[in-house]
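Consider the two complexes below, in which chain A is the common component and chain B and chain C are the respective partners.
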Partner chain A sequence: MTSTLSPGFADPVTDAQSCFRAVLDAMARPGRVHTVRGVSAPMPLCEAAGAVLLTLADHETPLRLDPDAAPARAWIAFHTGAPIETDAPAMFAMALSLPDLDTLPNGTDEMPETSATVILQVASLTAGQRFVLEGPGLREPKVLTVAGLPPDFVAIWQRNHALFPRGIDLILCARNKLTALPRSVSIKEA
Partner chain B sequence: MKGYNFAYLDEQTKRMIRRGLLKAVAIPGHQVPFGSREMPLPYGWGTGGIQVTASILGGGDVLKVIDQGADDTTNAVSIRRFFARTAGVRTTTATAEATVIQTRHRIPEKQLRDDQIIVYQVPQPEPLFRLEPSRVETKRMHGLADYGLMHVKLYEDISRFGQISISYDYPVMVNERYLMSPSPIPAFDNPKMDMMPALQLFGAGREKRIYAIPPWTRVKSLDFDDHPFRAINAPHPCGLCGATDSYLDEVVTDDRGGRLFVCSDTDHCGERRAAGHIGADGFQEAAE
Partner chain C sequence: MNDSVSADHPCPARRRWMSVVARAQPDRIAALLGACGEMPGHTVLRGPEGGLVMVRGRAGGGGAAFNLGEMTVTRCTVRTDNGYVGHAYVAGREAQRAELAALVDALMQDPDRSDGIERHVIVPLEKQQAARKAERAQKAAATRVQFFAMQTMRT
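Moving on to the complex of A and B:
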């Protein structure tokens, strides 16, 4: 290692709190897009993905890291202390493209909370393909626009949603914006 | 406050609780275990609620704490002061001004908004606890959505008393999947949980469980087609503000059977009186 690591949160307590509230609100109201005060995460991570990692990951959360995001490995390891690519079942997956959800823990019927959360970095949350979301947290169906999801995402998600209460939760990040798709939400193409 | 982290809990604990909260929101009504910490107040005084509040609270939040609807009881005053000291947040007694409301056993009368979060203090998160003492068993029952036992309990109530005899902590189904304890709020408050615009979080400190109801989620009080759920309230208007649609506390006023019925939500009652609504006993008070 010759390069120096970029810093984490400027103010760890308040930055983590405000990022968490953004994720919490996005999880509670699926598809609502929040702007977060980011961090200068190293390439290829975007600001929002870096902020979410610093907010939620630590030594208790085994993390699966997308091989394409390997340049950020030292930064994540230093700032969060999360065990990366260990044998332990991953609690988080940091991905640049949607991983095969079947390879991640999706919980058990009695302990559905033991499933993994995928932090997925996408190209955009303001342009791209339109999806219609329905479920808890939404008074009426909501349209979410995302660029960077696989073409068969709706079918993949429907399989994940059908597992409820088991299933994977997604946090979508693009630049300094984020939103979330909990397993409870059903998704259709607009 | 010197010597403490913001909002008392250390960051590692907050992260652990925050991860639990996100899972709880993603699985509405499911009890997520968490590593409940020892707090500077005894179990049963809201340690679960406090830990949830501490994990979500930010400098810009305005906190309201109620205990059985009242802002001025010991529990409410101490928790409000606790966060004013450890987090330096602004506190309020006005429901409309608050962004985070921590509550013990009531939901405010005023309809909560999209930008508010309500945190419930929960003594016993397991709705099946009185029917099945084994955690292992109740976990399995939740996993299989096997809630026959609770329906039998309600049926037995009807066959013995002619009605369902639960007046508080009345069990609900969340999002048509999980049986959930609404915490010991009066059954009167149950309908407010259904399709509430605000996020509802529940913390049980001693039992080490967190659960949640996202906004706009179906919350149905268990009942039968021929014995529909009915919210019970004392058949009186509030003695101070005259409200007929709020939950009432019965106050014994003398040794000759004197009774006064007043709003349990002190902020609601105060607001109504400030707006000129005066109940039958309110005049007396003003005249004295």
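Moving on to the complex of A and C:
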């Protein structure tokens, strides 16, 4: 049986550590854009989405995979060992378009950390619609430019933000850039 | 090491060749592979990387499983340029052995090459390992003590 599997991180230890640091900092300072390196993810995943999956997903984190990303399934399964679920409660969701957040676990008031984190691949983090972010980690409001979010994203996010301390965290990836929108951030249109 | 092959294994043939190359010396595999002619190039998909596996045992074969201890293993996965993926897990910290064993596993899955590799790599290695095992068994057997007195008493 032949296969088209490709390698993961070029240098698994340091690349995963630097990507982890990038995700951590992006969560702590919402909207700050980081660049990742060292991975050539298979189609249709972008580099940043591939790197985040390799860094965060493992055999203990059920992953929901967007059906459109099915060609990357074997790569994710081989390199992360994460069980790929279609409907079961997932800890991560790899999405090419924003999924219905109500279908993902958003934690409980006692255990808000059991909510899912959505890794969303978007078209760009340098051009597109402008959003104003406010909340913990931001001394003053920050402008984030994203192309590829649904038109009613601000309303969807308001519902998610209102659930705090429950809610979904979002990691946005475009090419080799990533940023994060934790549930604690409030978003307005610029 | 246990050589028994359980009947329900999905691919006993692959299990056999993986076990043979996982025990062979890397320079020996390389020498035998070199004699097989032109080989496709390969890309390393993962590793070679070291890690630990927990070895479990059962007292007397019937007791509850217990953790005997951890052993070092090196694993590697390669893909040949014509698309066959080979895996290897070898005992100890031996990156080169793991990569060569994974390469042989990939080549053995290629129907155009498996016969040649089987003849020129697997069979010689298997013979060598069997000979070494027989020699050790013979040396051990020579030191065996026969307790005639006790045997006679029992009968």
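We take it that the second predicted complex is superposed on the first by the 184 of 190 C-alpha atoms of A that agree within 3 Å, B and C clash if a C-alpha of one lies under 4 Å from a C-alpha of the other, contacts with A are read in each partner's own complex, and residues count from 1 in each chain.
One rule holds for everything that comes next: a residue touches a chain if its C-beta (ideal position, glycine included) is under 8 Å from a C-beta of that chain, and two chains touch if they have at least 3 such contacts.
Keep in mind that what you see is a predicted model, and the values were worked out from it rather than measured.
Colleague: On chain A, do chain B and chain C fit together or clash when superposed?
Modeller: fit
Colleague: Just to be sure I read the superposition right, which of the two partners does A:R159 touch: chain B = first, chain C = second, or both, or neither?
Modeller: After superposition on chain A, A:R159 lies in contact with neither partner.
Colleague: Looking at A:R29, would you say it contacts chain B, chain C, both, or neither? Reply first, second, both or neither.
Modeller: Only chain B; A:R29 stays clear of chain C.
Colleague: So which one touches more of the residues on chain A, chain B or chain C?
Modeller: B
Colleague: Identify the partner contact of A:K188: answer first if only chain B is touched, second if only chain C is, both if each is, neither if none is.
Modeller: After superposing on A, A:K188 lies clear of both chain B and chain C.
Colleague: Between chain B and chain C, what opening angle does the Cα centre of chain A see in the overlaid model, nearest 10 degrees?
Modeller: Apex at chain A; the opening toward chain B and chain C is 90 degrees.
Colleague: Would you check which partner chain A:F78 touches, where first means chain B only, second means chain C only, and both and neither mean what they say?
Modeller: A:F78: touches chain C, not chain B.
Colleague: Looking at the overlay, does A:L5 come into contact with chain B only (first), chain C only (second), both, or neither?
Modeller: Once the two structures are laid over each other on A, A:L5 reaches chain C alone.
Colleague: Considering only the touch criterion stated at the top, classify A:F20 as touching first (chain B), second (chain C), both, or neither.
Modeller: first
Colleague: Check the residue A:G137 against both partner chains and state whether it touches chain B (first), chain C (second), both, or neither.
Modeller: So A:G137 only meets chain B here.
Colleague: On the combined arrangement from the superposition, state the nearest Cα-Cα distance between chain B and chain C in Å.
Modeller: Taking the overlay as described at the top, chain B lies 9 Å from chain C at its nearest C-alpha.
Colleague: Enumerate the residues of chain A that count as touching chain B in its complex and touching chain C in the other.
Modeller: Of chain A, residues 12 contact chain B in one complex and chain C in the other.
Colleague: Please output the residues of chain B touching chain A within their complex, sorted ascending.
Modeller: 5-6, 11-12, 14-16, 18-28, 30, 32-33, 55-59, 139-140, 142-144, 175, 177-178, 195, 197, 199, 212-218
Colleague: In the complex formed with chain B, which residues of chain A make contact?
Modeller: Interface residues on chain A, with respect to chain B: 12-14, 16-18, 20-21, 23-25, 27-29, 55-56, 58, 60-61, 91, 108-113, 115, 117, 136-139, 164-165, 169, 182-184.
Colleague: Using the touch definition up top, name the residues of chain C that touch chain A in the complex.
Modeller: Chain C residues touching chain A: 43-46, 49, 77, 79, 82-85, 109.
Colleague: Per the contact definition, I'd like the list of chain A residues that touch chain C in the complex.
Modeller: Within the complex, chain A contacts chain C at residues 1-8, 12, 78-79.
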